[in-house]
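Each structure below appears as structure tokens.
Next come two complexes built around subunit A: one with subunit B, the other with subunit C.
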Partner chain A sequence: MITERERAMEVDREDGRTQNQLRPLACSRNILHRAHGSASWSQGDTEVFAAVYGRKAGTRKNENPEKAWIEVIWKPKTGQIGKLEKEYEMILKGTLQSICILTVNPNSTTSIIIQVVNDDGAVLPSAINAACVALVDAGIPMKHLAVAICCCAPKSGYVILDPTKLEEQKIKAFAYLVFPNSVHSVLPEGSLMDDYFYCLERGCAESVKLSDFLRSLKQHPTDSSKAG
Partner chain B sequence: MEQKQSNSPASFIDSTVVPGDVVLDLSSMTNQTVKLGGGLRQDCDAISAMKAGTLRFSKPNKYWVESSQKRYVPCVEDTVLGIVVDSKADNFLIDVKGPAVGFLPVLAFEGGTRRNIPKFEVGTLLYLRVVKANFGMNPELSCTDAGGKAAEFGPLKDGYMFETSTGLSRKLLSSPTCPVLEALGKKLSFEIAVGLNGRVWVNAASPDTIVVVANAIMNSESLSGAQQIIMVEHLLKSIQ
Partner chain C sequence: MEGRLANSWRLTVNDKNFIKTALLSEIRIDGRKPYEYRKIAIKFGREDGSSEVQLGQTHVMGIVTAQLVQPYRDRPKEGILSIYTEFSPMADPSFEPGRPGELAVELGRIIDRGLRESRSVDTESLCVLAGKFVWAIRIDLHILDNGGNLVDAANIAALAALLTFRRPECSLGGEDGQEVIVHPPEIREPLPLTVHHLPIAITFGFFSNESILVIDPTHNEEAVMSGRMTTTVNANGDICAIQKAGGEGVPQRVIMQCLQLATAKAVGITKQIKEAVEVYNTERALRKIKRHPTSTSVNVREKQNQSIGK
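Showing the complex of A and B:
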């Protein structure tokens, strides 16, 4: 199985990338004047803005007052807010709740607003990365950083990382993986079972690169950083 | 992947850390008291960072993460600039750029009694001291120092207030004097009040001076000491 995959690695993707190559990353912090924390994250042509309004007093009714509450609002580039946006909001909320330390500021609400500027595939992982950087910018206490990556399995059976919109439309299944602790957001559609662990392996390796990139961001406070 | 590096703590001091970095391994340090400041938390035997910033160490055993944000987390004995939002029977409600509104008891002034309660309008700027700050509760403020004297706390009249990040406020209050304030003080005369919650108030005889001082301070955030002095000289030349 492994040797088949290794042979299939010399596959042609439309933009000339190899199977495991990510698109160029670019990120800026502290871009919005009024938001308490903000970031923009782009992978290739996909670009997402995240704004964090931190810790206002009070949670919604019937919510646990001993923990902080995270509210996510997803704004698509065009069109009205529908079921897909609500689904993204729920997934993001679950992911961010697992990385933020909720007991430090009980009975408070943190709002995160995601604005999709351009959608060229892998928009949910970009949003997770942007939200993570925005939370760090706002100083919300977190257990660790989150690094998200999209893997997909086109019909030929191998796995590619970070698909563009065209590639996404052709594939049969894709998974969004968020590291570092364990996989949090997984959206399998179609049968991804065999390739699942291979996905995890490749995703892990790439997330190390993304982590290093996030770390280098801290050394340049308000400039934008670029990584190839 | 989580970067678990339990190296000796000396390798992390004064370098940037991100949330999740394990900066201290307690299992290798027995019989030592370690004091943790802001931005660090204890996870069984490992001390890890909660915020991104620079790890600082002060002898003999204090560790903390220095970071700069737009919002303020109230701490006891901080001096802050607050704006009156509302007044109740027992307290004034003061906004200090934190997660909750602060309470200023009506009697927390020098020689304050029920008969001479000060009347502050909504929007008055006050220089205050944080008395109590627990998470989950509104911070309590005071217009006196620990001994009950006024000590320049209270309302600030005239002048101009602008907002900065908490990191810049700390730099302005550090000793020895911050280079930008020193350079400005050599040529201009002005009065300044810095709140650790990211608010700065400037007053001077003429509005031009106020504007120059405010712009110089706002520009100095990402500059080093020498660059700050050059920037101030440049600004002063352009107005003369």
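Showing the complex of A and C:
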């Protein structure tokens, strides 16, 4: 049901999508030979590779040896590794720690490496999705999968999903939401207060679609699958 | 950190002996002949100047970007070309993030020498305002999968990315003609780089038996071989660079044999790169024609039993 408010605020996005439309999704598993698990995820023009090297002995010095440790390395497309990349690594690590079963192999390290191939907006959610698929490909035990979506609010009152780079640059507030458990990683920037629950509701609906896509992917083990 | 070293991959003695014995009868473990190259696949990304090369199981990505900077003081009329090699931990469990190791530096050096010393990229055309503004071309090479022979794959990726890169057009303006105006790609078509010739790197592997020589070693063969040599030649038969860093000693006639082989292979690889670039350029020109976007987006608000429609 489209409410009055939404109808009044429907706006044309540059690539012809409506507010709730995602860009075409594409995903491939097992694309690398040396890595234990690998995946490539693309939403429109944004493309991210993820590789997983599973369970190696030892954790870092000050980490808890009774749990497995997850190490995330984020490689940008070009340029030096700076604060933004470190921030992404931390967010990704927190998200993945909450979905992996850490008590199965204590005192071990799982490395996840993310390589940005092309950044056309919503690169962090794409990376989270790619990392999940790569973890499945590597056979790392997980509680459940996570799907990530980016919502942003160009004007207060309504929300658009999956922005491109151009839209991201114009927008004053956006949030990355990860489902299906309660929201784990939220990065609200700017004033998103009123629209927060609105975002959640939209994101929830969208995550159903993404989960279906992931499920269909697992039924076709090695080939790439496309959605939409 | 220590954990990584403890888990480094080692080839078993049985595997090593098998490879060596097979080579005595001129058989390689992946079925190739000693002087045969693996299959090369060159793909390009959406943006200009990004390439992905697969050489058998080795996967390398090359990205070219450009920036306006001040030139070096001793070369005020020349642009700057710099190569950054990233041995991503994605490629091999023994690669560590952070500072590039010896291999990464050597790889970067070989490709840099091949491009710079042979003057394959015309740096003088990159000058905008002598002494003040020149284009600095930066090539980032990301190694995604180490299946052996990273040098050759990375070299092809760098060349493919350079050939498809377009730099923005700029003109001098302002009151005294000293201001540089960079035109965005929507207003003026960006220009390709001037590349005179393509220096192709070909790597050879030597084994302890003197007469055994292979081209394009896989990473299993690299663990067994006792010496390597990389020759950078172009399709015209010019030798751009040779790199032999340590390893087994090799007689002069073997080196001459390698150079002849390399020149023959370079012709084939150059042709392949040029064909792939042609295909990309045609596709790029077609993309300029605006068409209605095929609606392949996913609509969230649709009912659950409706399939994801086109």
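The rule we apply is simple: the second predicted complex is superposed on the first by the 220 of 228 C-alpha atoms of A that agree within 3 Å, B and C clash if a C-alpha of one lies under 4 Å from a C-alpha of the other, contacts with A are read in each partner's own complex, and residues count from 1 in each chain.
Keep this in mind: a residue touches a chain if its C-beta (ideal position, glycine included) is under 8 Å from a C-beta of that chain, and two chains touch if they have at least 3 such contacts.
Note that the coordinates shown come from a computational prediction; the quantities given were computed from them, not determined experimentally.
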Mind working out whether A:G37 is in touch with subunit B, subunit C, both or neither, as first, second, both or neither?
first
Quick check for you: in the superposed arrangement, does A:K56 touch first (subunit B), second (subunit C), both or neither?
both
If we overlay the two complexes on their shared chain A, which of subunit B and subunit C does A:Y176 touch? Say first, second, both or neither.
neither
Contact-wise, after the overlay, does A:L161 reach subunit B, subunit C, both or neither (first, second, both, neither)?
second
Quick one: classify A:K75 as touching subunit B (first), subunit C (second), both or neither.
second
Jot down the residues of subunit A that show up as touching in both complexes, subunit B in one and subunit C in the other.
56-57, 208
Interface residues, subunit C side, partner subunit A - complex
1-4, 6-7, 45-47, 50, 57, 59, 61, 63, 65, 86, 88-93, 97, 138, 140, 142, 144-147, 293, 295-301, 304, 308-310
How about subunit A: which of its residues touch subunit B in the complex?
36-37, 54-57, 101, 104-108, 136-139, 141-145, 179-181, 204, 207-208, 211, 214-215, 218-219, 221-222
Please output the residues of subunit A touching subunit C within their complex, sorted ascending.
2, 15-18, 20-25, 31-35, 38, 45, 47, 49, 51, 53, 56-60, 73, 75, 77-78, 109, 111, 113, 115, 117-118, 120, 161, 202, 205-206, 208-209, 212-213, 227-228
Which of the residues in subunit B end up touching subunit A in this complex?
1-3, 16, 18-20, 39, 41, 48, 50-53, 67-71, 73, 99-101, 135-136, 222
